[in-house]
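Each of the next two complexes has chain A plus one other chain: chain B in the first, chain C in the second.
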Partner chain A sequence: MKGFLSKYGVLVAFLVLCIISAAWKPDLFLKPENLRNIINQNVPVGILAIGMTFVIIKGGIDLSVGSMIAFVGGLGLTLLNRQMANGTPELTAAMIAAGAMIGLGGLAGFVQGLIVAYGRVTPFVTTLIGMLAFRSMTLALANGGEVRSSSTEVWPAWGSDGIHIPWIKIADGRMDLVITYAIIAFFVVIGIASFILNKTRYGRYVIAVGANERAARYSAIPVERIKILTYTISGIAVGIGAIFLSGRMNSVASGSQGLFFELDAIAAVVIGGTSLRGGYGRIWGTFVGVLLLGVINNMLIFAGVGSHWQGVVKGMVILLAVLLQRERRDV
Partner chain B sequence: MARLAVRNLTMQFPGVWALDDVSVEFATGEIHALIGENGAGKSTLLKVLSGIQLPTSGEVQIEGKTVALHSVKAAEHHGVAMVHQELNLIDTLTVAENICLGSEPNRIGLIDRSTMRSIAQEALAQLGAPIDPWTPVGDLPLASKQMIEIAKAVAQRAKFLILDEPTAVLAEAETIALMRLVHKLKDEGVGVIYVSHRLDEVCALADRVTVLRDGKVAAELDGAGQRDQIEPHNLANLMVGRELEDLFPPKITSHPDEVVLELDAVVLDGFPAPISLKVHAGEIVGLGGLIGSGRTEIAEGVIGMRHKVSGRLTAKDPAYVSEDRKGTGLHLSLELKENTSMANLNNYGTLTVDEGKQVSAAEAWIGKLGIRAPGPRVAVQSLSGGNQQKVSLAKWLDTNPRLLILDEPTRGVDIGAKSEIYQLVHELAANGMGCLVISSEMNELIGLCDRVLVLRERRLMGELRGEDVTESNIMMLAAGVGASGVA
Partner chain C sequence: MLKRISLFACAGTLVLGLAVGCGGGEKPSEGGESTTTTTSGAEGAKKFKVGVSVPAADHGWTGGALYWATEATKKYPDIEWTIETADTPSDQINDLDTLATKGVDALVILATESAPLTPKAKELKERGIFIVNVDRGFTEPVADVFLAGDNKAFGKMSAEYMVEKLGGKGNILILRGIPSTVDTDRYDTAMEVFKANPGIKVLDSQPGMWNKDTSYKVIQSMLVKHPQVDAIWSSDDDMSEGAEQALKEAGRDKNIWMLGGGGKKEIVKRIMDGDPMYPALVTYPPSMTAQAVDKCVELLKNGKKVDEKEILIKLDIVNKDNAKDFYFPNSVY
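Moving on, here comes the complex of A and B:
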């Protein structure tokens, strides 16, 4: 049995951090818009991290997601622009583009899964190649610049608008709080992912493959299919993330969009208590990991710590999380 | 003569006393056997002696001085080394590198390869093992690997050497070589602490026997004064604490005609010749032969884990209980209920996995097979070897097989659990299950099986039935001399 702290340490740490933040800067931290922003800003990385959780539990890693989110977003926006140029109504074009992003992400993940499962190339190398290739293709697509969306209403609205909550006022009571579509999508993704991991047969098989691939094979589990599906899920998560990331700026910057997102996603998964060795993990942990990183960033900004130093602090937090949750050494 | 003693040792785990006031004394130049059922406290005692775990209370003394064995290094420093049941060698390193691992000879910080070579050569020569020090360990057979583990301890000039189930993975001939080696070590003044489930070995080797039961010392027998009491039946009784019924249930003589496994001139990948065999419903067929003779590979062929080159293979709902619980048999880090349903998850709900059903099925198996576990949610790695083996059996019985292939079903399993497993196999066969039992234990093939097929170098050498199933006949076929009664 794992101890309480190694199991719920991340939750305790998160709550402690929130209490400290609230006590220190109650007027800033506890503002509804601040709390909303902490989540909202981290939705793309958060969605990637949820997909990444499956891959890591399976015993793999997906380094391609940061580049892929730019690539899929860039292609999707190109499609959107072409549709609108052909006279397709904006809403229809946006829906086609969103569907295309999810589909393309899934396809890209599927192909990487094929290479891992049947090509027997390690996940690290496969997705490293993906990371390089997707970034390079995005740069080629945008000729080094950015892909701008020609949608002026729908796409930017999906990226930053949401459901207005009239009974919570922000900006000194002048505006309604808006729960963005991104946040709603994030929670839906978390719900579906938890269901898949904890309730379905596939979820058990992911854990089984991660815990002991050979025993899984001997248990007549279709190990290859499980692996491919896992990378496909990660790719689909990338597609969903791409909708909101490209919607936020209404464009895709080929060189910088999603840069280092894979590392933030892996960090959130690890902070959340999922074992990098595979075979154990949890979706809620990843969610808390994402929030924890968000709150830390938030606090660093309040504290006036320059953005250059944030990496050091983030690194320390990851180290602390891993130290807390490390398994007992078995000889 | 140096002495290693534990005094009033206790070890408390949540809910259990793994060791309860245990005092034992080991001496150099003596072979001291440590026996007991799984869960009796042997492993815990070994962990304390080898510095893996500190006891809750009590002390370890060397030469009358209390020492703290807080790490494996500390234990080795005090001259206590252990050869684990699961070998801890690094396959990609050479023999010499493995022998010197952790205490590499160095000159100004660089590894001194010539000294390393001579250390390895000296240790291997002392054991009479003709192995080239620069061979990669991965290229060596299992018996040689074990030899290297022992050489490693010898190279460290261990005064006390703990051998945990050293013969569990060895074939008959290799076992004899190992016993000779143990005697040699004793003559050179090493104190050998010998842990084994094989009571005949213990009786042949031991100068002194300590029997553990339920975390306590149940008996200590001195070979000098109580030699007559060191015999398998008595030891088994002491271990279990009751009279053992005969280990093997009576054989069933008549079988239905239904064939559950048939290999008709099947050539498997890597096999030199076609193999034909049949297993009927209700029959217990043994598959004997030395390690590496192709027994497990045939099982792999039956369950489709090994490519079939030609021939016809029909198997009715086969289930293969692997010899390698840790590697291919179980998911040790997962819960018992996950393991017992792992191979049959299709029958636990359609879209979602029905956890209630997993739990109730696991509870049923715990009851039916007498698995000693706190409940269905316990991680399998916390169970003893015998109980893990039962979980492994439950996992495959859960799939409702018609053909059950058992690969070394009692390896690393104590005598009580062994007898229970034999009884179970017997019952399954009586209810129409066809069983194919792969075993290195002669007793098992002779006592349990209706007929025995013997392999040698991946060829089927012959079949023995009834009176012909004897140790010498099996050995003759397995070793390739006087192939009698070829099927």
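Moving on, here comes the complex of A and C:
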């Protein structure tokens, strides 16, 4: 029983939370629209958390993701606006901007990876610097205000449109429920990430480096390259998240976009059972962790818990989820 | 070899990053950004040094406050300006100490929080620094001049407008800001008005943290919870925009209107164009920082002869008729 809980504790905690929610507010919680909302709202944080999982398994941490999602989003939208001003068709401009966001995210992650691997600066410090610098550069880019996209059709549609489900209606039957592109992209990212972590040599190397860096080095694993790649993966994830976050609002608010996302992402990874000490982790756990946080936030609003007390409730649920699986270290 | 090249690449990118970061005239410094503008002043005249201390640009309004302050200082190149932004009251106290060490003659302060900053302001005044306080007042009458922003009036005016527009009857949702004195003052006075009108039902109130994305999530869940909503009291225009996205996705953007606050140019424009979702907003103009800078310069130059110790910043209801007077397309907010 203990072994089972330590492995699937997060799933148990999540299911218990869902059952309680469904029993308590069945008419609200189980509405298809609400379930869709819970996933959709948390896609940007969720994608960041998936990228973060690699970094944490490697034994690192990436504090820069919240600022970086604003930074690459802001630069991408600036590029989009410039392209459209030059007469590029909206769809092409949007595709260039999306590519640029992913590329820039990857590049930013790569640079942080280089500093960690070759500069031998600890991940915490390196990405703390990234967190400060990216936010600061975003503020400078937007002069403290916003970058608003001039795309009126394509970009906002990528952020909030998707596949229509004609047999599920919302808004008193006036609209179809939409499975957003963001949700689809989230599942694709999860699929790819699971494959990389569980089925490729690279994935095994990440775990090996996180478990024991010296042993990995003696086994001729290219430790530096593995490390750099984890931060690059995290950066690419940020780029993908930036597309949907900036699309949803069709803008990037330089001061507040993605603020504290790094904390939610780290929380989701830890709730999901990935060890902060590195060497062990799983993508599906992170996914459940993201959903767990989403359900808590959702239920806090349904229950009308006063804002000042929400942190306590949230903290307790997280503690419970982590306690359920704490014995795993000695496997 | 590869290692060395990589290190160079790191350093190069870092330098590049810093160059980009400073492109807007801002240098990262501990706990915020600082800008120093120095131009040679009139010959022989004493060159005043003035420090400006404002909260960090963590959402639209504070971004606007910083923008207006910076713009105003540019009008006076004969004064040496230092602008500091702070994330927290303790940051701001450190900033004020640094500015005092720099030997400023005067300070323009928009406090992150009133109470924690009061003792520091008092100490600096005793050192002989002239203090212009804007928006949030100190808890003791420390400032030489106080340009008061009135958050209680904000709450009252906005709630009264809503009650009137709803004809005294309707269901409303409330979006609150980051827990702080500003938010409490606005919310408490608004609630007094709502409670005095039994026809108004406040269905729910949750913090949107003056943040678009948070407000989007909060309103999305509230809309599932409450099938009958007439209007949203959103105390901030950024939050209105987040809520609007949630309304659209839920297909309820046609029958719910919002009363925002602040005076963000995009929202003012929508009011001007007669958008039914935004019938009005209550201004809480971030340009009050520019007013404070002007006042400070005026008083420094006339030998600190203060005629009015407290100046109340007027709040207005912006509606379709007067929106054009509040529309500043070049502002960042």
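Everything below uses one rule, namely that the second predicted complex is superposed on the first by the 320 of 331 C-alpha atoms of A that agree within 3 Å, B and C clash if a C-alpha of one lies under 4 Å from a C-alpha of the other, contacts with A are read in each partner's own complex, and residues count from 1 in each chain.
We adopt the following convention: a contact is a pair of C-beta atoms (placed from the backbone, for glycine too) under 8 Å apart; a residue touches a chain by one contact, two chains touch by 3 or more.
Every value quoted in this text rests on a predicted model; they were computed, and no experiment measured them.
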{"item": "Partners on chain A (chain B, chain C) - clash or fit", "value": "fit"}
{"item": "First, second, both or neither for A:I115, with chain B first and chain C second", "value": "second"}
{"item": "Which of chain B and chain C A:Q41 touches, first, second, both or neither", "value": "second"}
{"item": "Contacts of A:F302 with chain B and chain C, given as first, second, both or neither", "value": "second"}
{"item": "Chain B versus chain C as contact partner of A:I57, first or second or both or neither", "value": "neither"}
{"item": "Between chain B and chain C, more extensive residue contact with chain A", "value": "C"}
{"item": "Which of chain B and chain C A:M249 touches, first, second, both or neither", "value": "second"}
{"item": "Per-pair minimum CA distance [chain C against chain B, superposed on A] in Å", "value": "13"}
{"item": "Chain C-facing residues of chain A, complex", "value": "28, 31, 33-34, 37, 41, 111, 114-115, 118-119, 132-133, 136-137, 139-146, 148, 160, 170-171, 174-175, 178, 245, 248-249, 251, 253-259, 297-298, 301-302, 304, 307-308"}
{"item": "In the complex with chain A, residue positions of chain B that touch it", "value": "14, 52, 72, 303, 305, 320, 322, 327-334, 338, 342-343, 345-346, 348-349, 351-353, 395"}
{"item": "Of all residues in chain C, those that touch chain A in their complex", "value": "3, 6-7, 9-10, 13-14, 17-18, 20-24, 26, 28, 33, 56-60, 62-64, 66-67, 176, 179, 204, 206-207, 209-213, 216-218, 220-222, 224-225, 238, 241-242, 245, 248-252, 266, 331-333"}
{"item": "Touching residues (chain side chain A, partner chain B) in the complex", "value": "1, 195, 199-201, 203-205, 207-208, 211-212, 214-221, 279-280, 331"}
